[in-house]
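Take a look at the structure below.
Each chain gets a letter, A, B, C and D, in the order it is written, and its residues are counted from 1.
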């Protein structure tokens, strides 16, 4: 059973009526609901901005296999210490799934080397078609050629990210934009997925396809095989010097 | 001066009035016109299906730095021998630029390992917005955030190509599709670019942005440094056996 | 349980005493032994060159999730029909794992668009160190920084393959070569892994690390989510024309 | 003529006799010498740690097309402000070439999202063979299958970098290591190349192949086409709403 934690800045759901109406238990509540029912995951832990250390203590992270992150207008209130702690754990092998405006979150920016001003956007209600680009990718399992979100915030290229390892989805927006909406990366042993849908004013996290992608992504990002990477000074091993040399000489002279 | 040859199946321009009206000298004529005027290229050579060996003799290919290819309904009439000859030259370092339905041409399919049934399409007059995805790429030089083609044939994902080296453009079509419309690949020493715009019933090859992309792509695909790749049996060189060993031993014991 | 089939040309093990001594039941026997015991796989099916249709009937392939391929000197005796059948199934989602000189096999060449003369080699007994390059990759799970094969045939760059999706391993050979020994690709819905170790005169397929990599690779290549890819003519869906337009106009004028 | 600036921390050459003997005018002196003579570049500007703002004022960077960076033990003495300034200019389109231990420099780490403890190393005098991996890449132009450095510091995998856009070189070290010694990346409009050779105690920057690679890399990294990337709020353009709709409807009903 994979241990999932979700960080949610949990601000709009407490301050805006239209958001509260859609997500009465927070966006994390909507996501926890389906993940807990899916069958592959431990009950999802919740971390919010207002908790001590934003709920992301070393102990919590040490017991997290995959971290989901949703943030929008409170990125700068996340402490640098916690952001660095997340980055370190990702490099050690914890999966990281950035949802929607998490592209501008501190951990994502530190992992990618990017800034927070990364793309075009429009708070509209465009029709969004999320097209599968990589049909062989586990994150697209169970998704047809595309799925539609009747209304979403528009994000548009140019999206100032490093070249993704795999481009899983590209979204078409009715107002004329395209966006690389599903991208994988890895940093040391950590697998990272960015997934664009999820503006707070739309019921995106109740969509069956969005839920399937998030569950797929968690399974994909789970890396049970992480180990200590050896860096620093390394001597030459004796076996590189001795036994093979005779073989090489024999080989060379034949 | 880069030596460019363009293969054009040159069929629609001779058989359909509406195409002839747009391209009275063939699509190759429209492309030759601007390439010859650009200043970086030798006068463009033309090769068509009906010429002996489709105009692509060994001698022509040996004197071609970059080959443009346009074909649509006559792919199977291209001889296997000529297709193989093109593929060999690409691997030796000749650039290859596949235009529009060249994705289903014999050389492209042989280079990619793909089949001819690769994508969705619609002969419509969709508005096409060609978005720059890779702002650092030389093929996008001089192109703004995007450019528009008022009407083009729609091509849509899933486009069954291998993962491109670089994704330079993605096109938005007004009817709901996205398409990886500008993709680079390399095979051995040959640089390959696929560029989607260019349906015969639209004046696409007179568009200034399309022309700029084609000229950029030729310069990018030109590989003056190609050499003979060594394959086959290789012995061990003596210097790998002797001088370094003492160094290693000295190093190992310190 | 994943359904695995291994094709082995099964020639050296029947004709050369030194090979027979190492692999009395064929290389496929050594691989079947550990895969059957691993616990994640159905009993491995075996296909050899001399069987009717080389053991790779449509029915066998339709019931294969992942196909292993070992061939060396009998590539050209594999029928084109069977090779094409394998390629088709890979594109539909069957995993393909090319072992050692499978780089020159017909299915691999057709999938990659490569020829059979792809690399440098030396039938020697070089020490080989297989280094992990991508620590986040599931195929490297359980492998340390590197593992050693006391003696292997040397393969050296330049390896004339398309750019891999992921570079999992690079091997160091004591005689001076490096080789991209573990590479992933995908073609349509099929996941492909090439893994270099496995010359017939060395007991490579008894090595615990090699076995771990092969088992990991099968799990990675297994794609239970394959579906029919839609290609061909597609009309515009009505919802792209009507409901969103009002939204866009509302949005545009605000 | 491309405008090149080289930052060199210029410490070992002033403090260690053996380094001074090899590079009496600093490593930057050895590089300036051949770049100034090459014919494609303006006289190279020099920036060193001890200069005000390390010689990298906004004015210098604004007039630099490609920046070379050599640093080793004084990375932390580079001011954050200057490092950020360099990063910003790279994203705007200035090329960046990291030489040797520049992998641990502040600008490289900020651009990549990496830390300074990235690899194995050994201050030895291993024989290094730099193998060409990407024969189609402009940075490898004029380089044979490989070139040798009789003695270099060993760097070994795992090299904790993001997946490179292109892997141009992999180096074989006689003591048993491999290293991705030539890697390209891009960040927004800036092209980045990391090149491993160049330990201060060896005359590496006099080697003809190393010089050829550096000159090639500068030409490749030079991006004359950089423009302002549009980010932030974007409205829908009227033409996306009106003219195409009739076309689409006509198309839809036919």
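Here, a contact is a pair of C-beta atoms (placed from the backbone, for glycine too) under 8 Å apart; a residue touches a chain by one contact, two chains touch by 3 or more.
In this text the structure is predicted, and so the values were computed from the model without any measurement.
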In terms of mean CA position, the chain most removed from subunit A is B
Using the stated contact rule, I'd like to know whether A-D or C-D comes out ahead in C-beta pair count. A-D
Rounded to the nearest Å, the gap separating the Cα centres of subunit A and subunit D is 28
Could you grab the centroid distance between subunit C and subunit D? Build each centroid from C-alpha atoms only and quote it in angstrom. 34
Residues of subunit C that touch at least two other chains are 122, 124, 134-135, 145, 156, 158, 163, 165-166, 175-177, 186-188, 229-230, 235-236, 240, 248, 251
Would you pull the subunit B residues touching subunit C in the complex into a rising list? 87, 91, 110-115, 117-124, 154, 156, 158, 160, 162-163, 165, 175-177, 185-188, 229-237, 240
Residue numbers of subunit D touching subunit B in their complex, please. 93, 122, 124-127, 134-138, 140-142, 144-145, 148, 150-151, 165-166, 174-175, 186-191, 223-227, 229-230, 239-240, 243-244, 247-248, 251
In the complex, subunit A touches subunit B at residues 129, 131-135, 145-146, 156-158, 163, 166-167, 170-172, 176-178, 180, 235-236, 238, 240-241, 245, 248-249, 251-252
